[in-house]
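As structure tokens, here come the structures.
The same chain A turns up in both complexes below, where it pairs with chain B and then with chain C.
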Partner chain A sequence: MPEPRRRVWTRARALNALFLVPYLALFLVWVIAPAIVGLGLSLTEWSIFTGEMHFVGLRNYLRVFQDDLFLRSLANTLYYTALSVILGNAFSLLMAYGLARGIRGKLVFQTIFFAPVVLSIGVTGVVWGWLYNGDFGLLNYWLESIGLPRVHWLSNPRWAMISVIIMVIWAGAGFNMMIYLAGMLNVPRGLYEAAQLDGANAWQQWIYVTIPLMKYTFAFTLTVSTIGAFQVFDQPYILTGGGPDYATYTLVYHIYSNGFRYFRIGYAAALSYLLALLIFGVVYVQYRLLTRTNVEY
Partner chain B sequence: MSNARRSSPRGAGLYAVVSIGLTIGFCACLCGCGAKSRPLDELQYWNGFTGPDGNITEPLIRDFQAASGLRVEVQKMPWSTYFDKLIAAIAAGDPPDLFVLHFSELAAYAEMGALLPLDDLVDADDSFVPHADRIESVWDRCMYEERRYGVPLDVHMLGLYYNKDLFDRAGLPYPSETEPITGDELIALAKALNVDEDGDGEPDIWGFTFGGAPFRNFSSLLWQFGGDLLSPGLDEVTIDSPAGHAALQWMVDCVEKHGISPQPEGLDTWQHFLQGRVALFTEGCWVLNGIKQNAKFRWGVAPLFVAGEQPAVWASGHVLCLSRNLPEARRANALRLMRYLSDTGVTWSTSGMIPARHSQITDPTFQADALLRPFVAQLDHVRFEPDSPVGIELRDRYEQSIVTALTGLAPVDVALDRAASRMRRVLAWWEE
Partner chain C sequence: MARRNTWSEAAWILGFAGLSLLMLVPLLFMLSTSLKYEQDVYEYPIRLIPASATFEHYVDLFTRPGVPMLRWFFNSAYTTFMVTGLVLLIDSLTAFGFSRLDIPYKRPLFMLVIASMMIPFPTTLIPVYVFLQQLHWIDTYKALIIPPLAAPFGVFLLRQFFDTAPKELEEAAIIDGCSAFGVYWHVILPVSKSVMATLGIFVFMGTWNAFLWPLIVTHSLKMRPIPVGLTLFNGEFWAERALTMAGATVCALPVLIAFLIFQRHIVRGITLTGLKA
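And then the complex of A and B:
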């Protein structure tokens, strides 16, 4: 009978564990502790200033069904997430594909595409606010110069969320582009040569070689994009203030308003937990679907 | 050397203990970072005066420091982020010694227990600010449930700004600086001031626009037509009354029927006025210095027009408050700064604000500023938003609906019904 394997603590292992201390401390203080406290708060009505607390059970969770703005913000968030994740990733992929083809001035384009990622959302919001300005914004100037009517980008509920999405895609597409580019360049050249010998055209190479081999890249970018999209707040806060008529009012905006504007801390905590559950559910399904099959060549 | 020889269960255990110990120590250190206390002679004064008003604060505070021997650290933050930080500081038990709220926020903060009642400290002592010197309507707005929670720094309200060059070009007389024009007069003036330079049917210079936040214009008109947002007991929504319909319809007519005003969108009004593309617009007295600095044309200001049956103008004010969490030992110096800021209301008025004390309104230095006269002329007609603890939330709800009517996305009836139903939901929740 073989001797059971004993976990041996070595000096090296202990040293490794020591390196984890700062991260664990931060994780404990900034993630675990607030999450536990938040869960507790979601079952109470808590006055942030006096510390007075009343246990209300699941009332905060049940209240969402009476809250029309919760449903409105949920619908807005789902709409934003679907459009921004799909279009944003498609745009990133397109840019990465162009760069992977080895165009001239690749580094310059890479820098240009990535530059918006490093800008603060405050700067981006102000710049796009001016571009979208209904009367003297650049976008309407261009539309008018080709004979099209002006668009009230930010004051029309039909256009407002689309305007936010366009800004977000512009600002963030460069990040995913770099990841897609790395994924594409990581596909062995030999596989393309073999596919060419088998008579595969460019489209078939893309479908049967590139995409399957970038499965985990897709899983990563789509997961990260989806989580980020569900948490959208700063962009509509700066660009539209959640309006017009709540057209860009998102779930995190609703949490912020309830917590820090209307002082309903317990309800805001309950909303946060519902959002976390929603994100977990969607991302779990998404990840399982994206990594379902294993690819071997 | 083999791994087995290098490993030592005792040594590893020691490392584990050290790791856990360091983690706990690190956490404790992080938790304790904010717990430092300030010396008693060092005050923190927080406000959102980041515009030209901030420039007036600085010399005032310098003078206070020189006279009192106290040090004051002024933290100016944009209003948009100010409240997040203030809430966190008060909740953490480390509030600034003195801070500024608007009248509209006072009830919520008082109701939530954030503010120190000042009845004994301010009202009981007539030497703090003599009762006879207080503009009663303004000072009363710093009360909540019959207790004083703040001292007003100023009162500010809407006015009607106009471009004198455009008036001259159209050969029109300027509005009076003390008597408000009527709504019909405004429409007639604005139609005469509309200029369609390229003949495309849309004015390139607009006669009039509603400036700033829509709720200020709407509530002014609502009061002028004899209505109100809530019933006197603050327990019923009355925004959808006939007065509400008349007020909103009047605003919509300016855009759709009379064609004197463009649809509102963001900050366009301000930019349009400074570019000489708007002849008349409504805005608060706080923009006076901004216009002085930026306008490249001659301009003036008049009281807000009266479109309804009675004069009424939206107003608010800055109120100086102390936190309930402020240690007792720090209160005396905070009150000293509070009193000083109230006493120097005439200097503060150069930021475009109206003092909250009779002696300052009649002060020759203050009266010499002709641009403030139209605002002072409205003091008897100022109206404040309801001092409900859910006032901000109610405002958020109805303002969104007002905008949909102004942008033509919803008829007046629908917009007001929606506003009322949203507000009723807020009140019902609050009453629970």
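And then the complex of A and C:
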């Protein structure tokens, strides 16, 4: 005889489900529905003024290859991501390494290194805009006082993206520093003592003990910083307005311009799906590479 | 790593002291510019410590016509207060349900919520904007407050914590006839103060500092929160750097103070998310 089917919805379970209702309602309306509707919009051409909507198939997706500004923004984004992720994480690691040694004043240093992380990009942006100012900015004043020529930080296309990256590292490196620090303090001390007995110097301990044991920490920080870097917008928006000559014009900037300045909703939606695909692809490859090697100890 | 080598420790301390000064320069420059008299702002050589200081720009900031600073401050404070409070309430109810209660389909639902963290924020921006426009919510507090409540981070963080909390107390409470809501309210919440504080400070900072979201969903000058309002100074009031830096200081102060008070919780939150991955 087949077992009698248990009822899925009893009174008690229905009451329990009420706990989930407020969040799931929000989640459905503001996450799931937009993700689906966005995909639909990306297949249309829609004028928000006249309300006319046409189905255009994949045309929006194909259009990107003829869009010079898209290609430009893609190149800028890749450049920004590579530099900011590598330099930013190197800087975070350096700070974490010093703190992990347990030097005196550790808490003071940690507080100062982390403090910029809590600031709004609105604050960071206007303050750095002033620091970078060509005529009255502090950075050029310093360069001049040590006999170097002034740099047109924000008005020279070759320097503009570098300026954005320096600001981003100042503002954000403290975050990954904390994660690296926690990872380093988690490595069992005995392993270092054993390595020392085997005659390993500080550098060898770092290469053969710390890095392999922190594999997942690295995978996490690098993945999360890459995801964030691909979405960069606020920093160039405030500091340079995407210029000069589109030197700091990024993918999300392109989505913003198309969606909210030119109101090409369909095209902007297609661009944002391409961004998601790009991020998934890069992160998948990166994560596989970073976690490939096995640690044996 | 506690090898006490005096010389190398001294070198690290010296290096970090220099780096700390360098890291503090932008904040010092912001503060010092905001306190300078107008004629001293563009003086050369630049003084990091002004020769004479004034608070006139802070007064100016709140009284100048065309700069609704008080309103911006209210917008930021109100939005932040509402979002933080509602996220703590809604996410803790949800995480409790996911962690403890017998609910049909809760496992796939939770997986869906977690998977949605993979969707990049800009991807849903366009459709969400279209929704807000259809609802006529653009340029309202509802647009600033309600959609951010759907962020899955808090549900994830709290469920992680609830899953590891001991169950004995709860079982005792249930035997005593406590309802599910009673267990949530009288047993779970009191032992979760620390993780709630961690989530609260993250949401507080994230909302107070948000930029792209309020930039898009508000249009009028008076509905802007401070960070977006500040960029007005980069355009219209470009020449008035002291005023701009006073505005930046006013925006930075609440989060810096919160950071100094709740630093322990912030650090814990970061390391928790980092190590769980």
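Simple rule for what comes next: the second predicted complex is superposed on the first by the 267 of 297 C-alpha atoms of A that agree within 3 Å, B and C clash if a C-alpha of one lies under 4 Å from a C-alpha of the other, contacts with A are read in each partner's own complex, and residues count from 1 in each chain.
The definition used in the following text is that contacts are C-beta pairs under 8 Å (C-beta built on N, C-alpha and C of every residue); 3 or more make two chains touch, one makes a residue touch a chain.
Just so it is clear, the structure is predicted and the values come from calculations on it, not from any experiment.
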item: Which superposed partner A:Leu154 touches (first chain B, second chain C, both, neither); value: first
item: Contacts of A:Phe175 with chain B and chain C, given as first, second, both or neither; value: second
item: Chain B versus chain C as contact partner of A:Phe263, first or second or both or neither; value: first
item: First (chain B), second (chain C), both or neither touched by A:Ile112; value: second
item: Contacts of A:Tyr246 with chain B and chain C, given as first, second, both or neither; value: first
item: Chain B versus chain C as contact partner of A:Leu15, first or second or both or neither; value: both
item: Partner chain(s) touched by A:Ser47 [first = chain B, second = chain C, both, neither]; value: first
item: Contacts of A:Gly134 with chain B and chain C, given as first, second, both or neither; value: first
item: Touching partner for A:Val285 - first (chain B), second (chain C), both, neither; value: neither
item: Partner touching more residues of chain A, whether chain B or chain C; value: C
item: Intersection of the chain A residues that touch chain B with those that touch chain C; value: 8-9, 13, 15, 17, 20, 22, 24, 26, 29, 48, 129, 136, 260
item: List of chain A residues in touch with chain B within their complex; value: 8-11, 13-15, 17-18, 20-22, 24-26, 28-29, 47-50, 52, 66, 68, 129, 133-136, 152, 154-157, 243-246, 257, 260-263
item: Residues of chain C that touch chain A when the two form their complex; value: 1-2, 9, 12-13, 15-17, 19-20, 23-27, 29-30, 33, 41-42, 44-46, 48, 90-91, 93-94, 96-98, 101-104, 106, 109, 112-113, 116, 118-131, 133, 146-147, 149-150, 152, 155, 180, 184, 205, 208-212, 215-216, 226-231, 233-234, 241, 244-245, 247-248, 251-252, 255-256, 258-260, 263, 266-267, 270-271, 274-275, 277
item: Touching residues on chain A, where the partner in the complex is chain C; value: 8-9, 12-13, 15-17, 19-20, 22-24, 26-27, 29-35, 37-38, 41, 48, 95, 98, 100-105, 108-109, 111-116, 118-131, 136, 138, 141, 145, 170, 175, 178-179, 181-184, 186, 189, 192, 216-217, 219-221, 227, 230-231, 233-234, 237-238, 252, 255-256, 259-260, 265, 268-269, 272-273, 275-276, 279-280
item: For the chain B and chain A complex, residues of the former touching the latter; value: 3-4, 6-9, 11-13, 15-16, 18-19, 22-23, 26-27, 30-31, 83-84, 87, 90-91, 108-109, 112-114, 262-266, 268, 271-272, 324-325, 390, 392-393, 396, 400-401, 403-404, 407, 409-410, 422, 425
